[in-house]
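Going by the order they are written in, the chains are A, B and C; count residues from 1 in each one.
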């Protein structure tokens, strides 16, 4: 099934690919605004509780966040390499790179869950469950509530990304992505890059003091 | 204003418009001019909508297709751009005139005059409570004198409410956890209905109250009566009988108040806000850092603080009015008094609105207490000229610093909520005064330096300065 | 919607989209934008009727100062349901998902939307969202009002979570449709169709879609946080633990003010199609309409603060939001000039859609000008949260959007179903809608002037006279809407068969037969002329497009 399907509404594959790519960009803008609402909230509360937020950042484990940053940056590289493979019709290479991307995504989730475990242990949990002895303030509560909200929302996006990438890997091995038509792979990697980009911002405001 | 016909005709036109538009009486000083803008805006709106509608109908009649439609039509003109821009520009100018007048009025509605009488308004589901600076409080009836601006400091104990007096054309949301202000000045004695305008739950529509405006002399008598009986303005309580005679104003309770909420709030009792404030300040641990007699300590003394000009750590000054003081309780690090370490935790959510009001009233009562010293030398005296602005420093040789009574009698600290000074070790005060650790142990801290610490930082050297 | 397929006699050329397939499954599993549009139309009309029933129940309750037919808790839930249903289940999706879906590809000369599967998914997401919302309503409902203000939404004894999840789902449907419309407008246009001769209805759907894509996620997040606050007591907007309730208002209105333009822009698009058709002349200024559409979509994002003049905002902020609101009003005013100017020296046929347009014109101008009045801060202090505001936004939402929805329904009914309705009943119902509406809501302006706050279950007796008038008007309005819809339902079955272009319009959608065949155009048309050019005859236009 290497001949890609042309939708009834299109006249040629080029236009179909361009439209799909364009639609994906519009969707990503929408996603960015979804995160923007959270970033705005973070900014507002950081203005209100600037000292506690500074403290909160210091209490986060820099190593976990940075490790995850490198994992995701690497995964973006492998995703791009998958795209590179598809453009040269190397189906095995493409598939392997996608598998690597998904594996790195899982690694990110594993690190994140370990970190959540640490938070639960020390009591820096959101809202009513907050009982962190080192920062027993409302600002600390706000910071860690925002932290859980934002990273949790990001992890959900990443988990969805892992599913998409895994599915794309199967399709790649089956040879669905040809040098002539691989726009769906492009869309998947665009989404993956967005999730990656969001982590760069989250890392900056949650770990970098 | 001298010639009789002019104003009376003006008043007649005003009255005509007011009745046609179903507007309530204009009982506050601001109401007439707001209404005049209202007449201008609404007449223009009506005329504009009617003109557009009539023009459309006229053209339909004039240009309606007679007989069968032509298969093609030629020469329909397009509107020239200059005409369209002119129309839009003209309309925009009109809108901007409205905006300008409206904005000027809005600013005046929001900024209370200096001589205003303060009343604290506390809302809760579904009740309005009023606390007066003289110590009285009342429920559902706000007593105020005529011919004097009244400033309301509003807050809420639960959800958002909104204080709305149609007769005064004012409305202000009462928000939990912070204070907002509104003001009005009533022209003549009378009662005016207060409605809650922000949806707040099942009892929203019965959350009503009344403003009772009394002639100044009657108001003075009311105040005296309140002080002697100790009970004022309860709903359906005896005190209404004597009050009903005051100034001949009908003091019927607010109509349609849900009886359930009356039972929930029994008759108001005399509340001395200053006393309540002292208790709250002690309970919440405020007095561990602030003194009431001007003695220097970890935080600025409250003596003489109210309406004083306070130098800020980041440069500039602030007037210690209600807004600044409330902000300093809720978000202490926002504007730090120069010379004091940023160690105060936020009391946001810890202090109830009533306690905040009471503490404010306590601080205000200390306005004329002498002996408030200047803030200790700023942490970085050389780089922080802000301290020089505002009130001048007393002479350097001022002796009583060391000898001064340490501080007001302190009740035993009640450890509740967050232990404010416990986060960081207590800063070293300038003089050899007693300080309490978080565990309540009493220990004497020696003076930081022999010269009374005038030139010494009162706070930790390692303390980060904002 | 029962498939009216069997009622239409077989045409000579390509079978219409209604006939090409039959059976329920052929509708439920269709990718055809026209069928999805019809399904959306039936669904949102049903939602409108449900929301209207809530409205009539509320108005009936307000006949007397105290209890009339329901208690306070029922009343509070009812106005919440009325608001939620009308805003998210009717007004936001109404014109874009039904008429936009049906007409956008045809007006662009395309065979379908860019993403037909996404379109169907949007429909089912909408149905799912509606089901969750109604499920939450049946399970007990919520009493926060459609604005979900914190901290009341935290504190309310009712459960906001299902309703919030429902609205979140509906938001996803909006985003899917928005993405689809934007991509289609950019990349699916026929040869010769550029940004300077795009049908103006497409411009407004495009502007609406931009707002949907940019604003809906922010609302989704705000409501998700309110739901989390309520369910888990995170206190994100609760001052008791350091949260800020005014922050919620900012985020909420950042969506909900542009959402007003989501609701009114497509209505303006309908009007600008109706007026040139019945005046038989070109639009008096194409550029002005296109520019003002984009202007509204852009400046509409900068005015949200005018909902909060008494929430304790600084006077400076209030001034800025006030002046921005004046600018957004100017763009609407430019549109009004264009509509009226298009009547000048035309050859005007008075038909039902045009009667709706007259109602729309008066109500929209009056409603819009009262909006300017409300943005005048000193006046807003007295009016905000009173019936004046209620009347203002009903003038825009009902007087504007609903009237335009009914106009669109009558204008494109022959196109969609190939039938003609009874003109006399149509015009009668249009007039009755106008009178009923004015009676219902003009009185509410006066109630607002008197100081009647909104969301009041019981009220002081001095307001009763105007309340009774308003309730009478509401019943008349309800009856008139039923008459209009009944007329169309009758026509669906027994109406006279419509010619392809009954109004003799030059709009691109009238180039194809009524109802259109499955792929709209048998050959790709060449649309290098204006859809408002009446200096060509119908035949010349068809020839030039290459569909003749």
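One rule holds for everything that comes next: a residue touches a chain if its C-beta (ideal position, glycine included) is under 8 Å from a C-beta of that chain, and two chains touch if they have at least 3 such contacts.
Keep in mind that this is a model prediction, so the values were computed, not measured.
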item: From subunit C, the most remote chain by mean C-alpha position; value: B
item: Per-chain CA centroid nearest to the all-protein CA mean; value: C
item: Chain pair showing more contacts of the two, A-B and B-C; value: B-C
item: Between subunit C and subunit A, distance of the C-alpha-averaged centres to the nearest whole Å; value: 35
item: Centre distance in Å when subunit A and subunit B are each reduced to the mean of their C-alpha atoms; value: 45
item: Distance between chain centroids, defined by C-alpha means - subunit B, subunit C (Å); value: 40
item: Subunit C: positions in contact with at least two other chains; value: 241-242
item: Residues of subunit B touching at least two other chains; value: 346, 348-349
item: Subunit A: positions in contact with at least two other chains; value: 48-49, 138-139
item: Parts of subunit A lying in touch with subunit B, wherever the complex brings them together; value: 48-51, 136-139
item: Contacting residues of subunit B [partner subunit C, same complex]; value: 21-24, 34, 37-38, 41-42, 44-46, 48-50, 52-53, 55-57, 59-60, 63-65, 69-79, 81, 84, 87-88, 91-92, 95-96, 98-99, 101-107, 109-111, 158-160, 162, 164, 166-167, 169-173, 175-178, 180, 193, 195-206, 255-256, 346, 348-349
item: Subunit C-facing residues of subunit A, complex; value: 7-9, 11, 15, 18-20, 22-23, 26-27, 29-31, 33-34, 36-38, 40-41, 44-45, 48-49, 126-128, 138-139, 141-142, 145, 149
item: Contact footprint of subunit A on subunit B as seen in their complex; value: 331, 333, 342, 345-346, 348-349, 418, 423
item: Subunit B partner contacts - residues on subunit C that touch it in the complex; value: 72-73, 76, 143-145, 149, 151-152, 155-156, 239-242, 245-246, 279-288, 309-312, 315, 318-319, 322-323, 326-327, 329-330, 333-334, 336-341, 343-350, 354, 358, 361-362, 365-366, 369-370, 372-373, 375-382, 384-386, 446-447, 449-451, 453-460, 466, 504, 534-538, 540
